[in-house]
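Listed next: structures, encoded as structure tokens.
You will see two complexes here that share subunit A, one where it goes with subunit B and one where it goes with subunit C.
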Partner chain A sequence: MINLQPYENPMYFVYLVIALLPIMIAMLRGKQLHWYQTIVSFAFLLLAFGGVKWHEGIALIGYIIFEVVLVGAYFHYRQRENQTWIFCSAVILAIIPLVIVKVTPAVYGHPSLIGFLGISYLTFKAVQMVMEIRDGAIKEFDPWLTLQFLLFFPTISSGPIDRYRRFKADYERVPNPQKYLQLLDKAVWYIFLGFLYKFLLAYVFGTLMLPYVSKMALSYGGISWWLVAYMYVYSMDLFFDFAGYSLFAVGISYLMGIETPMNFNRPFSAVNIKEFWNRWHMTLSFWFRDYIYMRLVFFIMKKKLMKNRIAIANVGYLTLFLIMGFWHGLTWYYIVYGLYHALAIILCDVWLRYKKKHKDKFPSNRFTKLLAIFITFNVVCFSFLIFSGFLDKLLFHNIILR
Partner chain B sequence: MKEKVIEILEDLTGSSDLADNLDINLFDEGLLDSMATVQLLLELQSQCGVEVPVSEFERSEWDTPNKIIAKVESM
Partner chain C sequence: MKMSKKLFLIFGPVILAAVLLVALFLTPVNVQDISRGTIQRAALSQSPKVFRGMAVKKAAFSKNYVPFFGSSELSRMDSLHPSVLAQKYKRSYRPFLLGAPGTQSLVHYWGMQGIDDKLEGKKAVFIISPQWFVQGGINPDMFNYYYPKPAIVKWLLQAKNNSMDRYAAERLLALSRDRSSIENNATIRIAAGQSLTKFERIYLGLKANALDREDQLFSTITLNNRESAVIKSEKILPATYNFKQLDETAYYLGRTHTTNNSFGVDNTFWNKRLKRSYKKLAGKQANYSYLRSVEFSDFQLVLNQFAKQNMKVLFIIPPVNKRWSEYTGLSMPMLRQFVKKIKYQLNSQGFHNVVDLTKDGGKAYFMQDTIHLGWRGWLAADQYINPFLTKAQPTPKYKINNYFYSKTWQQK
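Right, the complex of A and B next:
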């Protein structure tokens, strides 16, 4: 059987548009084709997780049964009772498969058998459901809709991370042809912008330039201008590759009448690191903000575990970014990447407070804004250099003899 | 209720003229952040007796004083 990875090559889009055509025609006539949509989703999941990747497919099936049963069981429990330890156990159970998948390679040196492409993103969705069920925000449990939400194929491999209640509203809404036409319009724009990002710009930075600067930086060794070049080229590749993919995922979602949230909003125009995280991989940073940071801060303040607001915020940042670092993988550079961003945000807050106190002292004009963007951009690119793992290779595993 | 919410907001944001700017976007203007939001939810709980779980806090529905007042009054 053939295997087709999402958005990997232009042919994928041809198959996709042909398969989605009946849905698009139905939507334009104000009708839903849910049964057909389910068949298409199943077919594309089969293409991504079948063939040579069949073992991932089995892992996905096992995982999804586990999570749906867990969410369902917690929902039924929560209708009667609301004990904190049961809630915590449900969250821990929901993330255990992901933890195993992340820890296995670090301990045993080979990927886990229960891993599959996109497990992190499905876990974010499942945990989110458990938390919203606890808060009483999700008022009914629909296993079928939960499956549709978790397995929504345009976003399955790398997000964007949608929210259950938002997805449900879109999924169930009877399409309005006028509105759908606007969605189509945007979808076409996003998909073509995605082509530019992923198949042209990411190709230039990632496939043409990166191997060369990498080789040069390794042969010079240590700190060199080639290393600086690597930092910028890698950052550009990372952005265009991921933003391009995200544009595809959002565009294809729109074709199906689901307004999956955007993942990037001109991140390199941010004037400080805090704003950067409101523009970069937004669905992930908002997930961390809403389900970790805000809940942790809420807990600390409500239980009066700490008094000082600044200290509470800092504890929140450190927790958030450390978890984000571990989530990327158990290597020193992902964890340093997390710490680096926590530190950057803490310092950013110090600076913002100082500026607020001495408002009249600092000029604010086009030049200061450009300077702020420039500094933020470089702070971010340096973090991506850490993230890339290239320093690990350069410092500890550089096999090129000098 | 309205005065109380404005008082809480003025206290949290440190700006004293919110009563005249009820449609100002608190997040875009940098007056509220996640931290202050949590404080807002806790203050609403202790001072107004409205319990808002974090899940119900959808930023776009809570981004101006007017929207917050409307939300609180509807609860």
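Right, the complex of A and C next:
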């Protein structure tokens, strides 16, 4: 059977638009085609997880059954009682498959059998549901809608991470043709911008330039200008590849009447690292903010574990970014990447407080803004150099300098 | 505004773009002529686009260009480089450089697909780097860098159920990053000895058309221009070909370019690539072996293709810089074993034009750096290349032996 990975080549979009055409026509007439949408989703999931990837397909089915049963069970429990330890167990259970998938390669050196493309993003969605059920924000449990939400195929492999309540509202809304036209307009723009990002710019940076600078940096060994070049080229490739992918996912969602949130908002124009995280991989950083950082900070304050608000915030940052580092994988460079960002944000806060106290001393004009953007950009690019794992290859496993 | 008008504003440009694109790629218009100048630029460019494509190669091989298969040594373009000598002395042939850092047997095998008719009975020069024959053969990253999509599509359309094609398919599956396309599925069928489905044939036929068009449109633009480098390198050479004078020139060039190190390595190469790391490399190559490698079977694909096209090929095995190999501890007995093995593979199948230069690694200014021929090395190679390409050669009789595709041979 043919296997088609989401958005991997321009032909994918041709198949996709043909398949989505009936939905688009129905929406323009103010009607929904939920049954047809389900069939299309199933077909594209089958294409992504069938063929040579059938074992991932099996893992996905097992995983989905597990998570839906878990969320459903917790929902029914929560209607009667609300014990913290049950809540914690539900969260831990929801995360366990992901933990196994992340730990297996580090311990056994091969990928886990229960892994599949996109397991992280599904886990974020499931954990989010458990937490909002605990909060009482999700008031009814609909297994069918939960399935639609978790398996929404445009975003299944790498996000953006939607929120259940938002998704539900969009999914159930009777489409308004005028509003849908606006969505179509944006969808076409996003998809074509995505083409520019992923198939042109990411190709130039990732396929044409990266192998070359990588080879040069490895043959020079140690710190060299080629390493600096690698840092920038990798950063550009990472951004255009991922941002292009996200634009596709958002654009295709729009075609289906679902306003999946945006993932990137010109991240390299951020004036400091805090703002950067409000612009880079936004659905992930907001997820970490809402479900880890905020909850931890509230918990510390409620239990009066610490008094100093700055210290509480810093503990929050450290926890958030360490978890993010571990989530990327159990290697030294992902963890250092997490610590680096935590440290950068803590220092950024120190600086912002200092600046606030001494307002009169610091000028604020176009030049200082540009300088801030420049510094932030370089701090971020350096973090991506750590993230890339290239330093590991260069310093510890350099095969060219044999 | 009416809905239809809005829809037109949104999708009109998209539809127009799609129609134009399809028209551009699928109309089978004839190849435009590729000018002599473009061919010359492509012949010197060593660009992956040129290796992958077919249009320029076809045009070049119907003229007097001869394929020079090799790897990084081809980019050592000093005054004694084959391209410079051929141009300076107005020889009847011009080298078409097929090779750059990281190109190994497989890249060359794929580079010959789809241009069969232009290779039929043609002469070629093939520089075999012993360094290719490491355990795993070509690095997958490098293979994907040169990923020969147009060649793969053409090849799939005519692949048969024989050892050569099954082996090529297996290697492709092992190295390619492409895991899901129709091409990949078709390759799996070939590897399994099956034939393509009807749908695959139609799809690949259309794809071949589109890729041809892409090749014709894009493979000759933005090529790096090295003609000026050749013209500059020519200047120092004597007006008429004279071995003694040329050897003196080569000697002079070598001496003046290797002044900052004791290995006889080109100054620039030394500064860029070795100066900082050479201390770490002392004795590091003592355990290197070029004797057991999947590359032997990959190389067999190339030989098989040469035989299929009745090509007359001169093989050159370059040496390793002796001072460098003594420093890094690379084993000379191992290198001699390698030559023996590769020569057996060549000679036993009827390839008899083999030049073994591996004993010359200690000659002054023979190598431009550690493993790449330079000045006097190029001149020495020219003593074989020139007569081979300018004089008539007997028609070879090849006897292809599928044993060389086996693991037994690779690991022997």
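Here is the rule we go by: the second predicted complex is superposed on the first by the 401 of 402 C-alpha atoms of A that agree within 3 Å, B and C clash if a C-alpha of one lies under 4 Å from a C-alpha of the other, contacts with A are read in each partner's own complex, and residues count from 1 in each chain.
One rule holds in what follows: a residue touches a chain if its C-beta (ideal position, glycine included) is under 8 Å from a C-beta of that chain, and two chains touch if they have at least 3 such contacts.
Values in this document were obtained by computation on a predicted structure and should not be read as measured data.
Peer 1: With both complexes overlaid on chain A, does A:P22 touch subunit B (first), subunit C (second), both or neither?
Peer 2: The answer is neither, since A:P22 touches no partner chain.
Peer 1: Tell me which partner A:P143 touches in the superposition: subunit B (first), subunit C (second), both or neither.
Peer 2: In the superposed model, A:P143 contacts neither subunit B nor subunit C.
Peer 1: Going by the contact rule set out at the top, does A:G30 touch subunit B (first), subunit C (second), both, or neither?
Peer 2: Neither partner.
Peer 1: Quick check on the superposed pair: does A:L184 touch subunit B, subunit C, both, or neither? Answer first, second, both or neither.
Peer 2: Only subunit C; A:L184 stays clear of subunit B.
Peer 1: Pick one for A:M294: touches subunit B only (first), subunit C only (second), both, or neither.
Peer 2: Touch status of A:M294: first partner only.
Peer 1: Would you sort A:K302 into first (subunit B), second (subunit C), both or neither based on which partner it touches?
Peer 2: The answer is first: A:K302 touches subunit B but not subunit C.
Peer 1: In the overlaid three-chain picture, which partner chain does A:P111 touch, first (subunit B) or second (subunit C), both, or neither?
Peer 2: In the superposed model, A:P111 contacts neither subunit B nor subunit C.
Peer 1: Along subunit A, where are the residues that touch subunit C in the complex?
Peer 2: 2-5, 8-9, 28, 51-53, 177, 181, 184-185, 188, 192, 207, 211, 215, 219-222, 401-402
Peer 1: Quick check on the complex: what are the subunit B residues that touch subunit A?
Peer 2: 14, 30, 33-35, 37-39, 41-42, 53-57
Peer 1: Could you list, by residue number, the parts of subunit A that touch subunit B in their complex?
Peer 2: 131-132, 135-137, 274, 289-290, 293-295, 297-298, 301-302, 309, 312-313, 316, 352, 356
Peer 1: Along subunit C, where are the residues that touch subunit A in the complex?
Peer 2: Answer in residue numbers: 3, 6-7, 10-11, 14, 101-102, 141-142, 145, 179-182, 185, 272-273, 276-277, 280-281, 284-285, 288.
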